[in-house]
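Structure provided below as structure tokens; questions to follow.
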Amino acid sequence: MQGVKQKALELLTGGKADRVLGWRRGETFYDPTPGVFASAEEVERDFVFDAFCGANLSKYLIALDRAEGVTAVFLKPCDSYSLVQLIKEHRIHREKVYIVGVACEGMCGYDALMKAGIEGVLSFEEEGDALKVHTLYGDTVIARKDALLSKCEHCKSKRIVTYDELLGEQGDEVADSGRFDEVARLEKMTPEDRFAFWQNELSRCIRCNACRNVCPACSCEKCVFDNPDSGIRNKAAADSFEENMFHIIRAFHVASRCTDCGECTRVCPQRIPLHLLNRKFIKDINELYGEYQAGADFDTRPALLNFQTGDCEPSIVHVRGGERA
Amino acid sequence: MSVKTDWKPTIVAFCCNWCSYAGADLSGTNRLQYPANVKIIRIPCSCRLNPMFVLRAFQRGADGVILCGCHPGDCHYTTGNYYARRRMTLLFSMLDYLGIERDRTRVEWVSAAEGAKFAATMNEFVATVTALGENRRLEDLRCKA
Amino acid sequence: MRRDPLIPMIGVVSHIRVDTPDVKTFRVIGLDGKKPFEHIPGQCAMLSVPGVGEALFSITSSPTEEAYLEFSIKKCGCVTDWLHAMTPGQQVTIRGPYGNGFPVDTEFAGKDLLFVAGGIGLAPLHSVINYCRHYRDRYGRIDIVYGARSKEDLVDYEEILNEWLSEDGINVHLTIDREQPDWDGHVGFVPNYVKELSPDTGMTVVMCGPPVMIKFTLGGLMELGFPRDGIYTTLELRMKCALGKCGRCNIGSKYVCKDGPVFRFDQLDELPDEY
Amino acid sequence: MKQIALNRLDELFAAISARQTLLIPQQLENGDAEFRPWSAEAKLYTGLKTSRSAKDAFFPQVENLVGFKVSEQGIELMDTRDEVQPFTLFGVRGCDARSFDILDRVFLAEPVDTFYADRRAAATVVTLACNRPETTCFCQSFGIDPSRPAGDVTCWMDAENLYWQPNTDKGRALTEALSLLEEGEEARAKRVEEDIQAVLKRLPLKDLSLDHVGAGKTKALFDRPEWAELSEACLGCGACTFVCPTCQCYDIEEFKSGGSVRRFRCWDSCMYSDFTLMSAGQPRPTQTERFRQRFMHKLVYYPDNQDGLFSCVGCGRCLVKCPIHMNIVKVINALKEGTA
């Protein structure tokens, strides 16, 4: 994706943007860091865009919204959903961002390479649908689909919701993403098994708050979990209850606003599949209140900020549960 | 786990000030019986029930949590209970998804005139939770020490 | 029970004195009725109300006071709110003493001392002043400049009037920020007053008060020609352990709880500006 | 030197376990590894590192300090200290082993933290040489030798055997209790060591320069403009601090359970906005100051106070776990560029 860097230069020198939000090259190929570039020289020196630029940049725009002038940003399809949701929530002014949509075939991550058992990674080359990885212990080839970030495994959409210009082709929503399959599998389990599954996952939580801090939907100036008067500001998962509480409430607070960007799972240092909590809410909302995708447009009301007089009763949980369990 | 025969569940009932709280009163003045282990917490509207309250109740020793509000369409604030209904539906579904027994949570619409319904609902809910036994999956051991 | 520096002892608040509308002085003794521990002027202790929180306070009483520890505490947060609502006889937990304290027996010995305090900033100095009064012959001249917003906000006003002012060789200069009817003393801010008084630059200065007072008084003292290594102050940052382990009260490589709270300005000059 | 065939490792673990609790790195379903108590089903994780460091064994994330019963009559202290039993920590890598020294200098300094000290005294640390170092490893820069890690016992592994070298009294006591250990072939352990040394020479971060950081560098580094750019993307989460083997900051919090109050300590992070927040103000108001604190502490403040020893062991966990891939290597290199 050479075009991205070129575009960044063009936007800065052409005066379309006062700064560009993109990625800064790292020490190695797999560790670019989000960065703000104010000059063409900086872009020339440090800007990078490749298969390992997976981070969702939209949340940084909340802070940049207060800066003077226009920020140009490169958004992948899933990032664009987050941005639209934030604009909808009046956290970002549309006119303060210049959006360059970047078509995406899925992003890769170091974590995926490690999971695939590749040790001592030094560098990589893209070879069609595969990555050739040079390591300390010899070369190896991994299919791109096996090197994908967890959040890209079930891509929901290749459509860039809003943009000022586009690099690559506009895509469509992915009808058969299969992103609810895992949720459905869990729903089919017995309550005992589900409980055991989640205890096993959530008990590893170290309350580092990475999931919360990276989440574009968690945009509160002061989080309830940081409020000493809330009675729930225990920094550590001091008891299994605290972990449950934290994750249930966090998922609930973003329910119907979560665009399913998957950043929570990507950043979890303990590899907890947190997206499965969010997807459960999304799946329920779709099934009970009609299909709804947060961030897909500028005007529909999120399900929890809306109601129908004929909505189902909470007892539906028993009815549906009865069918399943 | 050995279930003590004399064990009685602790039930927290969040009741809307404008309907079910009065309904509870009415059932009292009518001398209708419902178990004493139902602890009523008055809230200004069913939609005041923050999901955190439900979890907090379980943490602090509740074995079952029930929300009582005005019948849909009768909310004192016009639409509060409609929002509460969606929220509780999703919350209960999430608790179920996490493997928490779904019978520990319930929503029931009880008007100020339905003293009998209030008592009947509580009796029934207490029986359901008693059958389930102690809340183990959402407990906080520190609160039981 | 096994002891640990983090496990406090229980103290009894035996007496509470109302100093100003928002400052009270709490006298604390152990369960055995004795002073909980010995300390050096300028040191601090952790007081806590279980269930509310724990916080660090300067010990206001002089080590020469044999029966108890005293703390002058301004109401400004959870723990202090709770303390202010207490009645004598109630219990708190206490652990300490913490910090380096003032070098009363070394660097201060034989020196002329100038104490400069603003508002509740008198609390940490109170201990030193009374220590020096007790061992009066070990020190030279003692000057005290103390200011507050109003007469009512002067901490320990009774003691100042009845004891300090009446003692020979101790010069107390009081000032308040604005004129008020029952006040015939000096009116004005502390930094200006210090400059007006134009103290001898050979004096050792001990200063405590709000940051803005410290900043301008220090400027004034510099103008007068005081050396920075002759001026002491005491700092405060958020603390949890007070043992130099929990990691939050550092300024550069110094921990306020362990290496401080008392610093000389030439020492502070070596530290990054992050306090 | 002793040795035991790899296919008899379970017997070795069973023998240690019969004596005292044994913690070994074990792989979880999701691919991560963690130190967990050995059981008959447990398999030794043969990958390089656990995802969290080994510090948990001595400095757990949450620990009860003391309890209080508060009543009209007054306050009563309750002993809530967990009893510590002797245990063996097996499979610690060189980096984590060094981190214990770094933590010791904080927790065992006067006044001694007895909670930590008890656990340290109760533990026998068995370290394991790193056969396959990662490209994110830079422990060499801090003078750590992963081919011969320090510990009560040092072990090497080749395709056939585990070689076992006791170094301390504790290590010798454990060795004596393990009669199934056979006489070891030192030459073979030496060969493992040499193989590791050869890999170390090829690590990309082996030449990390530390001359521009360290004790006495506060003035030179504190006001550097690079901090702003380095910290611009920082999310302010605590992932780096919580996986770090040397991060030791903690918070003391209380939990009211109705009948009593429990005072506990838990890990805290200088990256959090409330870490230094006071009612009187905030000395580190933005993420830049918090970020700077973390790295200045590791690279300057700690060395200032501990004879030049860095509070980083080059384990590379923060390189892997940071959500935005900012890390200590980038900080060290960025500060170097500007120093020239």
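Read from first to last, the chains carry the letters A, B, C and D; within each, the first residue is number 1.
Basically, contacts are C-beta pairs under 8 Å (C-beta built on N, C-alpha and C of every residue); 3 or more make two chains touch, one makes a residue touch a chain.
Just so you know, these numbers come straight off a predicted model, no measurement behind them.
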Connectivity without chain D (remaining chains kept where they are): A, B | C
item	value
Inter-centroid spacing, chain B versus chain A (mean Cα positions, whole Å)	36
Centre-of-Cα separation between chain D and chain A, whole angstrom	30
Cα-centroid distance, chain B relative to chain D, in whole angstrom	46
Cα-centroid distance, chain B relative to chain C, in whole angstrom	53
Chain A residues counted as touching two or more neighbouring chains	228, 238
Junction residues of chain D, two or more chains touched	251, 255, 268
Touching chain combinations (by label order)	A-B, A-D, B-D, C-D
Residues of chain B defined as touching chain A within the complex	51-52, 55-56, 59, 72-73, 79, 82-83, 85-103, 105-107, 137-142
Residues of chain A touching chain B in the complex	183, 186-187, 191-199, 224, 231-232, 238-239, 241-242, 244-245, 248-249, 251-252, 255, 277, 280-281, 284-285, 288-289, 303-304, 306-309, 311-318, 320-321
Residue ranges of chain A touching chain D (in the complex, touch as defined)	26-28, 30-36, 55, 60, 110-111, 114-115, 119-122, 135-137, 200, 204, 206-210, 212-214, 226, 228, 234-238, 263, 266-267, 269-271
List of chain D residues in touch with chain C within their complex	65-66, 68, 70, 74-77, 79, 81, 106-107, 109, 111-115, 218-219, 222-223, 248-252, 254, 256, 261, 263, 265, 268, 270, 275-280, 283-284, 289, 293, 296-297, 300-302, 304-305
Chain B contact footprint on chain D (complex, rising order)	255, 257-260, 262
